[in-house]
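The two complexes that follow have chain A in common; it is paired with chain B in the first and with chain C in the second.
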Partner chain A sequence: MASIRRIASLCLLLLLTGMLTSALAQEKVIKIGALYPMTGRSGIYGMDSVAAAEMAAEEINAKGGAAGYKIQFINTDSKAKPDYSVTVAKRYISDDKVNFLFGVVSSAVGLALTEVSKQEKKIFIGTDHAATELTVQNLQPYYFRVSNNTFQSMAAGALYLKELAQTKPWKTIAYIGPDYAYGHAQIEELKFNLDRFGVKYQMVGEFWPKLFESDYTSYITSIMQAKPDILVSGFWGGDTVAFIKQAAPYGLFEKSLYFHPDAGGNYELLSAMGDSLPLGLVLSARHHNNWPDTAMNKDYVSKFHKKTGRYPTYAAEGAYVGVYAIAEAVKKVGNPDDTEALVKALEGLKFQQPEDPEGFTSYIDPASHQIVQVQAIGVTVPNTAFPPATRMLGQWKIYKAEDLLPPKEWAAKNKP
Partner chain B sequence: MDFSFIVVQLISGLTMATFLFLIASGLTLIFGVGKVFNFAHGSFFMIGAYVGYQFSSVWGQNFWLSLLCGGLFAGLLGMVAEFFFLRRIYGRADEGGFQILLTYSFILILDDLVKLVWGTEYKSLAKPPALSGAISMGGIVVPTYNVAVIAIGLAVVVAAWWLLNNTRGGRIARASALDREMLSVLGVNVPMTMTLVFGIATALAGMTGVLAAPLRSVTPGAGIEVIIDSLIVVVLGGLGNFWGAWLAALLIGEVNSFAIVLVPKWATLFSYLVMALTLIFKPEGLFAPRKVRRV
Partner chain C sequence: MPSKPKTANTWYLLIFLVLFSLVPVLKTTNYQMLLAAHVLVWGLFAVSFNMLFGVTGMLSFGQALYYGMGAYGAGLCVKYLGQAWFFPGMALGIVLAAVTAWLLGHLIIRVSGVFFTMLTLAFGQLGWQVMFKWYSFTGGDDGVQNIIPPGLFSNKVIYYYLVLALVGASIWFLGRLSASPMGLILRCVRQNPERVRFLGRRVRRNQQRIYIISSLFTALAGGLMSGVDYSIHTDMFYWTTSGHVILMSILGGIGQFFGPLVGAAVIVTIEDVVGAFTEYWSLIIGTVMLVMVLGLPRGLMGEISQLWTRLPGRQQALTTREEGN
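Presenting the complex of A and B:
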């Protein structure tokens, strides 16, 4: 008896969900299938990205959608696992009939999903993940990235170091970064760019702790022994927090200039460290809550704060911009189903973003499908406008977008 | 490499070794006494860190009081976990598999619990002001806090030695490692002993969590990250061997510390290499008594 009742209730449930989906199908929608991690160390980036993407969708829908289509944003916890994410992406395409694949924090997941996107001819809008190869050697027609890659950060970093040499001569560099693709790519790209811009330097040490290492003491004392003028760092997230906390009492930051141009200036670090963050560190990130000082950026940051009760980490802006990129492309094409026309629309798409300074508009480079953006590198200074952080970046140096794209030699050097 | 640098690097290794030991000691104690492998041991470390954060950073309490509360809370939670859950699987066929599954589920539950209560942002805990500087002597600079950590580690070693050798509780714990049945025939409440040992071990993990918090980032998932290194130490020292864990922690700390200087590219490999070689040539652990082998 009980089993019959169970079957009956299951049937009812199926019927209801069926009715619900068909009801939804009657409305014209753009379905975005996202895969952000919601758990583990990168969970904060996933939660911020989803919040910002939903914010963008609400804004667009409130204005009547894009070409009459409402945006429907769905996310599944990627668990930062490539194989699992591939399964979900395939289900998104076959069952949920999404129009776009979207997101991902981890480059490993990004590299796996770009293959699905290529096979299924489904556009994949990449946000936050930064491995350069996605828009160089692994580029395929249906992949677009709306946040900058590590090459752009490192090119800006190399220009910063070049300028620095004129005011404060330096000779030696040491590097510390996590021992996996992301850590290795950053220093390779920095060296390439230093050479490209004719900067002379001497490498006095490379240190490779494992990702999520908890104890850096022995690395710190080793670096101090090498006495580099500049310590380049390639950590992300909590590893940066742990490293800086452990290194500060040794006086490392008075002896070497701490230079961390890709992920060092992420708000999560500024908020986690408060007063214990040393002043004078040179950092950057893919978006800054206090730069540029434009109405659009201020508006974005305060809306995010109102929605979530916290200030965004840089991942959020990538997701926010990604949803707008889709809306802009659909507006141009008139529907979200003509994939080839959407690809054409996205190539060269130009639209204003929170991280655009006055007088510049970001655009997607038609050749590499990579967003071209201005980079700003700053120095930690006291600033309590974004609590709980008590230091933010200031004394900005700005680098032109066109100088930061990977040149042809780079693509030639890194053939698939 | 000059002499003062060698000393500095030795002290760095000692700092790492101390944290390794403080976590691994509880893990090995639980294994020694109850033959339970607590995969979730690192999660009690994490819970301790968060409770310490709550007391110290949110409520503005004294660091040492927060340390105590972090330990106490983790210890109580450990006793609850043992009393209501682990106790139910003792003596089952294939108990080992159940232990791993059950304690692994604790990791997931505690991770989510932490996320619900404190969110996913990185949390920070300030050092006690008196220990925030550095001691500098003849070209050697060591942060005061690291010296305090090493001292606390040594104090725990001495206290554990004294407790295990000179108190009735310590003798019961050691006896329970050797023959549980005999002990219960002699009128000792063995299950209660196990709950207490579990509580002490998880309290130690919780306190270590608070102690490590000013040097690390307090984040969900921290539990699973510390467990691997501690496991290496426990295996190297010989499963359940308290003193072995101490020596193994020192070994791993120093091997790691000098590998970073001498072969920076392969430094992370060495602790695993030491473990692999040990498992091949002396699987009962580097510091286990020989007799195990002849059985």
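Presenting the complex of A and C:
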């Protein structure tokens, strides 16, 4: 008898929660359906992104929302799997009735989702995946990206190397990067940009360890033999940590300049390595906790730290900006349902972001739907302001946003 | 197999077809139809895998190779030759898969047991590596997008019915095969290969045949999947895909013809429903598998038919069935 009563009360509870959620649904909301990985190797990027996006949503909602609409942010673990993510995105659109698709760390997932976005005519705001083709060959009207792509970081990288040649002449380059699409795209784009800016260089080796490789010894000794002046690196996450830790005892960083312009300067690396991170490495990332030195950036970093107890990796800022981009567009249009008007509003949208230095405001390029941002490249220096990291980037070199966008020749060269 | 399960299987097939054909009519959202299509495709994959594993006793850990070939046959043809090549591409993938299975079969069916499993795994991973690294042709880790079935079939409901028809026909065929004299020999191969030889039948030839047939239908499943999701990815070749289908078969019950189909439905649903609420989805799947393997080793369908035969008055049937199986 007791069990029947228990079952009855459980049913009642379920009914009540059902009613409650449907009552909540009556409120005017902007539903954002996100797909960040919460598990596995890229889990930290997903967790930081979700925390930052929720932070942005709370801030906007506290100010009364966008055009009277409250932001409702939902995330499902994408498992970093494209096929699973496609299924979830379709559920978001048909069952959850989201207004925007959002997020994604892996470019493979991004490429699969942009297809769903195109088919279903639902706007997809990309925040962390960097594959250039999403805003070049595979661009479709409903896709927008609010973080830099690899082309932009590599263009900044090429300009850095050009300037470097004037103060400290160098001739030879070697490349090491994970053997998959992301690794290959980076060096292709760097070479293209070096040629574009008229930099002369000689390639003395390309090394392709597999993604998540654990032993880099053979690669390190081969690089030492090739003696490049510059070692360009295209790793991300734990691979960078493993490579630097294994290469440091060989004295690789005294012989060659370690140059890692896309994901090297991520706070994840700085915090994981602490004192074992060599000084003088040239790194960059899509956002830095200590640059630019603006009130907005300081405020963003400290709020994130207060919320989560850790400092953000670069992925977080993309998600934060993405939610604001949605809010700004909805404010312009007045509702989150008129997709075509929202596309028009997002094209050319200009608003202040934590990573904007004094005197510059990021905007979305109407032609490519790619955000146009300044890129800063720095060198590892001692700095204990963001523990557990004991090294942060400094001696910044800043590159103008307009110089970094892919030119027309690039799109022509990569036509499928 | 005695005649009774055969009729039971016909009934199951009918119920299954009717249930799934009602989905587009009764659905409240498009997503439910997508989920049903996933269950169909994974179900076909699992049933054809189980012809190898549950029926013939060959645990292949490399069926993802054929699944991927079917998908990439359709996907790459659409990418390079255009939308109209969807179905020819799918057929090409299936033929390629059958030819590959025939060639590989000669190499790997020489060994049995764990050696067979390891070799299938090795060849499966080889296929994955080729697709993963041949960036210029296959798109590598980025996969292939924008695979839309041509003409009439670009309509989701029509494509769904096509999937249902093809999966239904394939499962019907595999069910007939399983109940045929060849099916009997395959069961003998699992239970006592020595004896099959004494009876004057060839063990290896039968293993080779079922390996090709299973791979062929696996490739069909892969090809159909590319049109459901509109995009494909090298993960389809990866060993976890093979592992996934093994989980489905064991969960549903490898001793039952329809077991893997039920397993596929359960896993696809759990993954999705649980994944929507928590990122600890893998914990739930793990727990379910643990309970199944320890508590219900016959799998869902196996336990259901066991319960059925245990009903009063059917005790007699139980004993005869057990022997027949």
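We take it that the second predicted complex is superposed on the first by the 398 of 416 C-alpha atoms of A that agree within 3 Å, B and C clash if a C-alpha of one lies under 4 Å from a C-alpha of the other, contacts with A are read in each partner's own complex, and residues count from 1 in each chain.
Here is the rule we go by: a residue touches a chain if its C-beta (ideal position, glycine included) is under 8 Å from a C-beta of that chain, and two chains touch if they have at least 3 such contacts.
Because the structure is predicted, anything quoted here is derived from the model rather than measured.
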item	value
Combined model on chain A where chain B meets chain C, clash or fit	fit
Partner chain in contact with A:I44 - chain B first, chain C second, else both or neither	first
Touched partner set for A:D179, first chain B, second chain C, both or neither	both
Chain B versus chain C, judged by how many residues of chain A each one touches	B
Which of chain B and chain C A:G274 touches, first, second, both or neither	first
Partner chain(s) touched by A:E163 [first = chain B, second = chain C, both, neither]	neither
Contacts of A:P249 with chain B and chain C, given as first, second, both or neither	first
Which superposed partner A:S94 touches (first chain B, second chain C, both, neither)	second
Partner chain in contact with A:V241 - chain B first, chain C second, else both or neither	first
Smallest distance from any CA atom of chain C to any CA atom of chain B, in Å, after fitting	5
Where chain A meets both chain C and chain B, residue numbers	39, 179
Contacting residues of chain C [partner chain A, same complex]	29-31, 34-35, 38, 79, 132-133, 135, 139-143, 145-146, 225, 229-233, 235-236, 271-272, 275-276, 279, 281-282
Residue numbers on chain A that touch chain C, as the complex places them	38-39, 76-77, 79, 81-84, 86-88, 90-91, 93-95, 107-108, 111-112, 114-116, 119, 131, 133, 138, 179-182, 184, 416
List of chain B residues in touch with chain A within their complex	1, 5, 8-9, 11-13, 15-16, 19, 111, 115, 120-124, 126, 132-134, 141, 143-146, 212, 214-217, 219-222, 225-226, 229, 256-257, 260-261, 264-265, 267-268
Residue numbers on chain A that touch chain B, as the complex places them	39-41, 43-44, 47, 179, 205-210, 212-215, 217-222, 224-225, 237-239, 241-242, 245-246, 249-251, 268-269, 271-274, 276, 310
